[in-house]
Structures are given as C-alpha cells and as structure tokens.
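Multiple structures follow.
What follows is chain A paired twice: with chain B in the first complex and chain C in the second.
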Partner chain A sequence: MLVVNNLMVFFENALALNGLSLEVREGEIVGVIGSNSAGKTTLMNAVSGLIIDMRIKEIRRGGQRISIYGNIAYKGEDITGIPPELRVKNGIVLSRERHPVFPESSVLENFRIAGYLRTKKEVREVVDYVFSLFPPLVKLKKRKAGFLSGGEQQMLAIGMALVVRPKLLLLDEPLLGLSPMMQKAVVDAIVALNKESGITVLLSEQFARPVLPVVDRAYVVENGMLTLSGTGADLMNNPEIKSAYFGV
Partner chain B sequence: MLIGTTIYALINTAILALMAIGFNLTFGISGIANFAYGAVYILAAYGVWMLLTLFQLPYPVAVLAAVGVNLLLGALIYRFVLLRIRGQALSEVIATFGIGLAILELFRYLGLVGFEYHLPVFVDKSFVIAGTYVDFQRIAIVVFSAVLILGLWFFTHHTAIGLAFRGIAQDERTALTFGIDSNKMATLSMAMGAALAALAAVFIIPLGSISPGEGYDVLIKALAVCIIGGLGSTGGVIAASFIVGFAERFTDTYIGSHWTMIVSLAAILVVLTVKPSGLFGNQKELEERI
Partner chain C sequence: MKKRKERIDRGIKVRSRDIFALCSWREMLYLAAPRLLPVVVCLALPLFLGVYWQKVLLSVAVFALLAISWDILAQTGMVSLGQALFFGIGAYFAGALNHYFGLSPFITIPAATILGGLVSTLLLLPVLRLRGIYFSMVTLIIPLMLVRVIEATKVFGGTEGLSGMTPLPSRWLELYLILGGLLLVLFGFRRMMNSDYGLVLKGINDNDRSVINAGINIYWFKIQALFIGGAIGAFAGAFMTHVYMFVGMPVFALDYSILPIAAAVVGGPGTLAGATFGAFLLVPLSEALRGFGGLRIVLYGVFLVVFIVALPEGMFHYIQRKYHQFERWVEVEND
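And now, the complex of A and B:
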C-alpha cells in the first residue's frame, strides 16, 4: 500500500532521514521505533505531505532550506510531490504528535471540523464508532478540548483522524506523555480499529514495549537510518532491542 | 437627554461593530491584517454611487454588484499579492496598506470629493423613540448589525466552511491534516472580509458622504475596535463596540465633541494596559504568560 524508497530529507545541511526505505502492506499495523530525534516525525510529515507545506512556508520566510530526495509511493502511484490536502482525499490521514486538538472548540465540534471532507451523516456514523472505541469521550462531548487531559486529548485526536475515514492512518507518537493505563487503552483501540474497520496503520513510537506485541512488523530507526526490521515478535526477542528499549 | 444619548450610543455601537466585523473576520481566520480594508469600503461606496448615477441601475442591483466586485477583489489581493508573503505579518501590512493607499489616493486624484458624492438612504422616514428622533437608516443599521452577527455565528458553527474557518484559526497545521486547504480558506476570508466592508459601506455611508478620508477613518476605527476586543474575537468586537460606542457618544454630549477622539483612544490605552491582548484575546494571553 505504501512504499517508501530511499527517502532522504535535509533541513538545511542537517540530515534528518538518510536513505530510509520501508513498506506497509494493506491491513497491517506497522511500527516505526526510535528515540527522540531519530527522524520519526520527519518520516510522518513526509508521508502525510505536511513537509511540503513546511517547505513552502520556509521559502516564503527565507528560512531553512528543506530538501527531499527519494520517493514515496501510495497504491503504486508516486506521491512524493503531492500537497497534503490531496493525500488526505486519497485516504492518508496523519494524527500529529502531542495530541493536537482545537482547544477552543468542544469535543463534538472538533469532530465536525475534522469531518470537513465528509458529509454530516458520515461524520455522525464515525463519531458513534469513536465513542464505542473510546467510551470516556462520551461524557466529555460538550467540554472544550483544551480542558481535556492528555490521554483524553489523544483519544480525541485519533478519533478526529478516523472521522476523515482514512485508508492509511499515520499515528505520530500516540503514546507520548500518557500513563501506562492510558497507553494500554490507546493501543487496544488501535488494534480494534485495525481489525474492525480494516484501516492500515503506520505508527511511530519510542515506547517499544507496549507497541511491539501488537504490530505485524516494525522498523527501528536511529539517526534517520534504518537499523533493524522484522516482525513484532522477532524484535521483542532481539537482544539489542531488549537492552536499548526494555532496559534488560 | 440621557435616554437620547443612550439610543444614539447604541446606534454608534452598531455602526462600529458593522465597520469592524469584516476586518476581524479576515484577521481571525487567516491572521492577515487587511490594511486595505478602509479602501475597499470606500471603493464599494464609489462603485454603488457610479452605478446609480452614471448607469442609472436600480439600487439593489448596484449594491449586489459592488458586493460582488469586493468579493472578487479580496480574493485577487490574496492570490496575487499576499500568497507570496503569507505568514510575515509586517510584509502583509505593508502590502495591503500600499494597495489601500493606491485606491484611496486614486479617488482623491480623480477629484471625487464633495457633497454630491453620497448614497441615498433606504427609506426617507424617521420615528420618535422615547422622545428622540431616530431615522430609518440608523434603525436599519442596528437591525442589520444584529442579524449579521447572528448570521456569522451560525455560519461559523454550522457549515462545513465555517467550521473549517474555526479550525484553521485555532491550529493551521492540524487543520491541514484533515484536508482543509489553508490557501483556499485564506482567499475566502479575504473575499468575505472585503464583501462585509462593502455591505457596511452601503448601510453607513448614507449617513454622511463619500470621501477618501473616510477610508482611513474606517480603518482606524476597525483597528481600534479589534485591538480593544482582542484581535480575531467576535465577542471582543461586540464588547469593544459597546465600550467605544458609548464612550464616544457620552463624551460628545456631556464633555464636548472635540474630546471624542481622545476618550476613545484613552479607552484603547486603558484596556491594553490592563489586558495586553485585548478583552477576549485568550489564546494570545497564554502565549504571553509563557
């Protein structure tokens, strides 16, 4: 479904991604594991197309030069230079890191803003599904999103991405800043939406322990380069992963 | 006298809100301070005047045409000028102010100044309300302002584009991840802001006459109201219109008309000293605290 081939991204002269290649097949959950500054977010921005918008803004500002080499193919078509809104229309939807929500709007209104490309009826259907996925949100329907806790905001952010009806859902560090219990709830929901709605998921995370058991395959990224890849179970038993991410 | 002053203060409030709402809409959504706002306001007024006197068109047709032209002009200014400098506040201000100066000074150069350049009132009638004479035009302004604000509220809370406006105003990059095109929304916000300026002109200009100077005046008043209220906040525009509207009228009646400007400017200073981001500028205040 998604093939990233030899992707290189420079911010001015700093190399953020170095010859990264990966593949996501339809129906899979694929993890990208790496520490801070490994290039996870850059990868997500490149796949979702946000980086194209960032590059245009930097050019206008006369700021840093962002260069992108290599290519990204989605369903067999090269999408490397396509603007983000067209990628969203084709089904690639990103939920950015640090649970981005619209703080001044209520939970329900957040869903309706996210459903810009969908009809009111479609939005209502998905919102019902999101409430079944994340029951705590039901009680918070009318509350301003800015007043929700981090975990609740993360649930909302994933729900908002679902409202767009993605075919490929990109989750950038969905577990960041969440309690272990909340992490489990979010991971369970990711598995459920993959199984029930058949949404393909590519997620990046630095917490390998809760993620590796549920992913079909995972890639380990360090300093913008791929160091390891394999099935979730393989990586769980890999001694390097154990020492680097599990502290064993 | 107190009742009469209050009635006229209310009318003044409605006039200020009507003047500021378009400027506020554009800024609230796209962060563009449209300093050509006063110029497009005057452009619409001259446009209607020309269509009425030179082409003898019926009034409603002339108004619709002027609103349409402004809609297009706002969109064109964004597509051909602002697009390249989007995001740099100072460049945006200089570019739009330049466009505004060009339009206003062109009219001055053409010599379109004098009492014959005015727009007719809708209905030449007046009423007595609580012992005070109020003409139909002023009542129309109050009603239209209220309807417009309610209409805008409905638009931004219950339509897809309105909701997208609110999304992009809060977090542009997140809005982008839902397929909301920021350039399209900014174009629309400029177009709608300019169209609202045209509507405001059609309602307010019949109370006086059309002159290039009026364009600068409208810009300053819109800025004052928006800054007091907190840039980009509709609730702020309403509250600030009340403050400035009442301050102006009451000063005029009880202190002296030459103090009007000083009192409203003092109101800006006081509000900005107490709340630097304006009355309703919440988001900004958070940033300042950090």
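And now, the complex of A and C:
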C-alpha cells in the first residue's frame, strides 16, 4: 500500500533520514521503533506531506533549507511531491505527535473540524465508533478539549484522524506521555480499529514494549537509518532490541 | 548523481572567530566592517548632504529610534502599535518644560526622556498582563485618546499646540546629537539584548511560563523593557520638539506608530540593526516618492507589500547570512 524508497531528508546540512526504505501492506499494523532524534517524526511528516509545507515556510522566512530525495509511493502512485491536503483526500491521515487538538473547542466540535471533508452523517457514524473505541470520551463530549488530560487528548487526536476516514493511518508517538494503563488502552484501540475497520496503520514509537506484541512488522530506525526489521515477534526476541529498548 | 545545495560558513568567518583574527588585517576588517559601517555613515553623511536632505536624515534617525524601541518591546513579547504614545509624551514633556519653565533644551531633553519613559510605563502598567493582540490594541488606542483629551481640555495649548520653543544652538549640533544618540542606542541596546539580561527579555517572548519557572518575575522585567522602549521613543519626541520649535497634536499621529513597525519588518526584526537599516531605507524612499503626488502612498504601499512577500525574513537577516555564509552544490551520497 505504501512504499518508501530510499528516502533522504536534510534539514540544512543535517541529515535527518538517510536512505530509509520501508513498506506497508494493506491491512497491516507496522511499527517504526526508534529512540529520540532517530527520524521518526521526519518520516511521518514526509509520508503525510507536512514536510512540503514546512519546507515552503522555511524558504519564506529564510530559515533552514529542507531537501527531500527518494520517493514515496502510495497504492502504486508516486506521491512524493503531492501536497498534504491531496494526500488526506486519498486516505493518508496523520495523527501528530503530542496530540495537538483545538483547545478552545469542545470534543464534538473538534471532531466536526477534523471531519470537514466528510458529510455530517459519515462524521456522526465515525464519532459513534470512536466513542465505542474510547469510552472515556463519551462523558467529555461537551468539555473544551484544552481541559482534557493528556491521555484523553491523545484519544481525541486519534479519533480526529479517524473521522477523516483514513485508509492509511499514521500515528506519530501515540503513547507519548501516557501512563502504562493509558498506553494499553490506546494500543488496544489501535488493534481494534485495525481489525474492525481494516484501516492500515503505520505507527512510530519509542516504547517498544507495548507496541511490538501487536504489530505485524516493525522497523527499527537509528540516526535516520534502518538498522533492523522483522515481524513483531522476531524483534521481541532479538537480544539487541531487548537490551536497547527493554532494558534487560 | 543527485545534487543538493549546501550552506556553510565562510572560511574567514570561522577563522575570525578565535584568536587568529588578530593575525591579519583582512580578518580584523571582516569583524570590524559591519560595526564600523553604520558609525562612518552616520558621522560622515551629514557633511555631504544639502539642508533639505539633512532634515530627511534627522527624521530617518528619529524613525530609526522609534523602530528600535518597537523592536525591543517586540523582542520582550509586547507588540506595540503605538510608538506615537512614547513619541508624543516625550514631545509634550519637553515642550511643556521649555514653554512654562523656560528650561534649556539640554535639560528638557534628558528630563523628558526619563519622565516620558516613566509616564508611558505607568500608562501601560494596567495592561502589562495582557498578551498579544489585547496589548497591541491598548497601545493603539491610548495615543488616539490622548489627542482627544488635549483637544477637549485645551491643556498644553489645546489644538493650537505650544510654539516658540528654544531651538538647539546649531544645525550641526542637532544632527550629531540625534545621530550620536542613535548610534549609542543601537550599539548599547544590541549589547544589552545579548547579555544575560537581554536573554531573559527574549525568553519572556519565547515562553513566559518557563521564565516564571526559572524564578523570575516577568512583570518586573516587562516594566523595565517598557521603560527602556518608552524612554527611547520619548527622547526622539523631545528632540523633535526642539527641532520643530513646536509641539502639538500631530505628535500623536499614526505615522509615528506605523512607520517604525514597517521599518522594523522590512529591515528584519529581532536585531535592532535591522530596524535601523529599515528606517534608513524607508524614510528616504518616502521622501523620494514625493514627486509622485497622490500616488506616493500607493507606490510606497506596493513597495512594502512586495518586500514583505519576497523577503519576509527582512533585509538585515538576508545580508547577514550572505556575509557569513555561502552556498555550493554538493553531491548527495547514499549511506
């Protein structure tokens, strides 16, 4: 479904991604595991197209020059130069790092803003589905999103991505700043939405322990380069992964 | 082979960063030239100009001071739309001290600088806790309000204003006083903004809660920044009162609020030097366009828009980057 081939991203002279190649097949959950500054967010921004917008903004204000090489193909078509809004229309939806929500709007309004592309009926259906995935949100419908806790905001952020009806859902560090219990709830929900609505998921995370058991395949990224890849179970038993990410 | 444009520091910049700078005139010049250039321009330019353009230079310096004052406030996170407030208060202080008490300009200008800074700080004290657009709105409204107060209560000569101020002793003193003041303010406050004190001010703009977390009372620092900005503006105002030998309601005009912001934006905000540079660009341009009559404002506006769209970082940042860095094509290697 998604093929990233030899992707290189430079922020001025700093190399953020160095010849990264990966593949996501339809219906899979694929994890990208890496520590801080490994290039996970850059990868997500490149796949979702946000980096194109970032590049233009940086050029406008004379900041860092962002150079992108390599290509990204989605359903057999090259999308490397396509702007982010067209990618969203084609079904690639990103839920960004640190759960950005609209703090001044209520939870329901957040869903309506996110689902602007879809009809009211579609949004209502998906919102009901999101509420079934994340029961704690039901009580908070009318609450301003800025007053939600971190975990609730994360649920809301994933829900906002779902409202767009993605075919490929990109989750950038969905577990960031959540308690182990919240982490489990979010991971369970990701598995559920993958099984129930057949959404393909590409998620990046530094917490390998809760993620690896549920992913079909995973890639380990370090300093912008791919170091390991394999099925979730394989990586779980890999001694290097154990020492680097599980601390054993 | 794929190629990519690389941006790297010039060799001379790297060399002149350490002690080796002292080994060669070229490196010393590289370091000194950007600092000497404004000094030489400010000191030598008046000698080559006619009386008319000397007056233009005066107003360049005044707008540069207002732009610097705007820039200091903006760097502290207070976007002011009312530099006219500082300018006008300084002008009226100098005017009143001279008119009612007969003090000489050498006393009224420093006194108006300090008093003007204090009064404008006091006026803006209640809105210090407001952020962003709310603060800007208040600064925009206060000068407009003061004009009406003067008109209605007829204080300080009301609509007529006060005239017959003592002029400064000579044209040359006028010029070198304001240009010297400009250089002093420019280099002095540039240095201040790079010191630890200035870092705190910039930090308030970046993330005020983190500054509070560092155990710093941000309101006290904002008050100080406001006083600095206000005093610079008041100095410009007090000076102009003695140049025009008149002070009246026009000192609160919108020009004194808008043009400094335009100068700072065109020149490049955040450096003070950029704001000065912008004033040296915009004020003479506006004079040169006088020949076009009514179309002047249109041309001026078009110039501003083109500039801001084409070079939003500002002239100064662009020139600075070209001075320190160069670009070249390099091959992109895989792995």
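Everything below uses one rule, namely that the second predicted complex is superposed on the first by the 248 of 248 C-alpha atoms of A that agree within 3 Å, B and C clash if a C-alpha of one lies under 4 Å from a C-alpha of the other, contacts with A are read in each partner's own complex, and residues count from 1 in each chain.
Basically, a residue touches a chain if its C-beta (ideal position, glycine included) is under 8 Å from a C-beta of that chain, and two chains touch if they have at least 3 such contacts.
Keep in mind the model is a prediction, meaning the values are calculated, not measured.
Engineer: Here chain A is shared; do chain B and chain C fit on it together or clash?
Structural biologist: Taken together on chain A, chain C would clash with chain B, as the superposition shows.
Engineer: In the overlay, answer first, second, both or neither for which of chain B and chain C A:R112 touches.
Structural biologist: A:R112 contacts chain B only, not chain C.
Engineer: Could you let me know whether more residues of chain A are touched by chain B or by chain C?
Structural biologist: Of the two chains, more chain A residues are contacted by B.
Engineer: Quick check for you: in the superposed arrangement, does A:N18 touch first (chain B), second (chain C), both or neither?
Structural biologist: In the superposed model, A:N18 contacts chain C only, not chain B.
Engineer: If we overlay the two complexes on their shared chain A, which of chain B and chain C does A:R65 touch? Say first, second, both or neither.
Structural biologist: second
Engineer: On the A-aligned overlay, A:F10 touches which partner chain: chain B = first, chain C = second, or both, or neither?
Structural biologist: Second partner only, chain C.
Engineer: Please work out whether A:T80 is in contact with chain B alone, chain C alone, both, or neither, and reply first, second, both or neither.
Structural biologist: It touches nothing on chain B or chain C.
Engineer: Quick one: is A:N194 in contact with chain B, with chain C, with both, or with neither? Answer first, second, both or neither.
Structural biologist: After superposition on chain A, A:N194 lies in contact with neither partner.
Engineer: Check whether A:V88 is in contact with chain B, with chain C, with both or with neither, and answer first, second, both or neither.
Structural biologist: first
Engineer: With the two complexes superposed on chain A, say which partner A:T42 touches: chain B (first), chain C (second), both, or neither.
Structural biologist: Neither partner.
Engineer: Can A:M160 be said to touch chain B (first), chain C (second), both, or neither?
Structural biologist: In the superposition, A:M160 contacts chain B only.
Engineer: Superposing on chain A puts chain C and chain B in one frame; which of 60-68, 132-140 or 186-194 is the clashing stretch?
Structural biologist: Of the stretches 60-68, 132-140 or 186-194 of chain C, only 132-140 runs into chain B after superposition.
Engineer: For chain A, which residues lie in the overlap of the chain B contacts and the chain C contacts?
Structural biologist: On chain A, the overlap between the chain B and chain C contacts is residues 60-61.
Engineer: Would you tell me which residues of chain A are touching chain C in their complex?
Structural biologist: The contact residues of chain A facing chain C are 6, 8, 10, 12-13, 18-19, 60-63, 65, 67, 69, 225.
Engineer: Hey, which residues of chain A end up touching chain B in the complex?
Structural biologist: Within the complex, chain A touches chain B at residues 48, 50, 53, 57, 60-61, 84-85, 88-89, 93-96, 100-105, 109, 112-117, 160-161, 163-164.
Engineer: Show which residues of chain C lie in contact with chain A when the two form their complex.
Structural biologist: Answer in residue numbers: 2, 4-8, 311-313, 317-318, 321, 332, 334-335.
Engineer: What residues on chain B touch chain A, complex-wise?
Structural biologist: Residues 84-88, 157, 160, 163-164, 166-167, 170-171, 173-182, 282-283.
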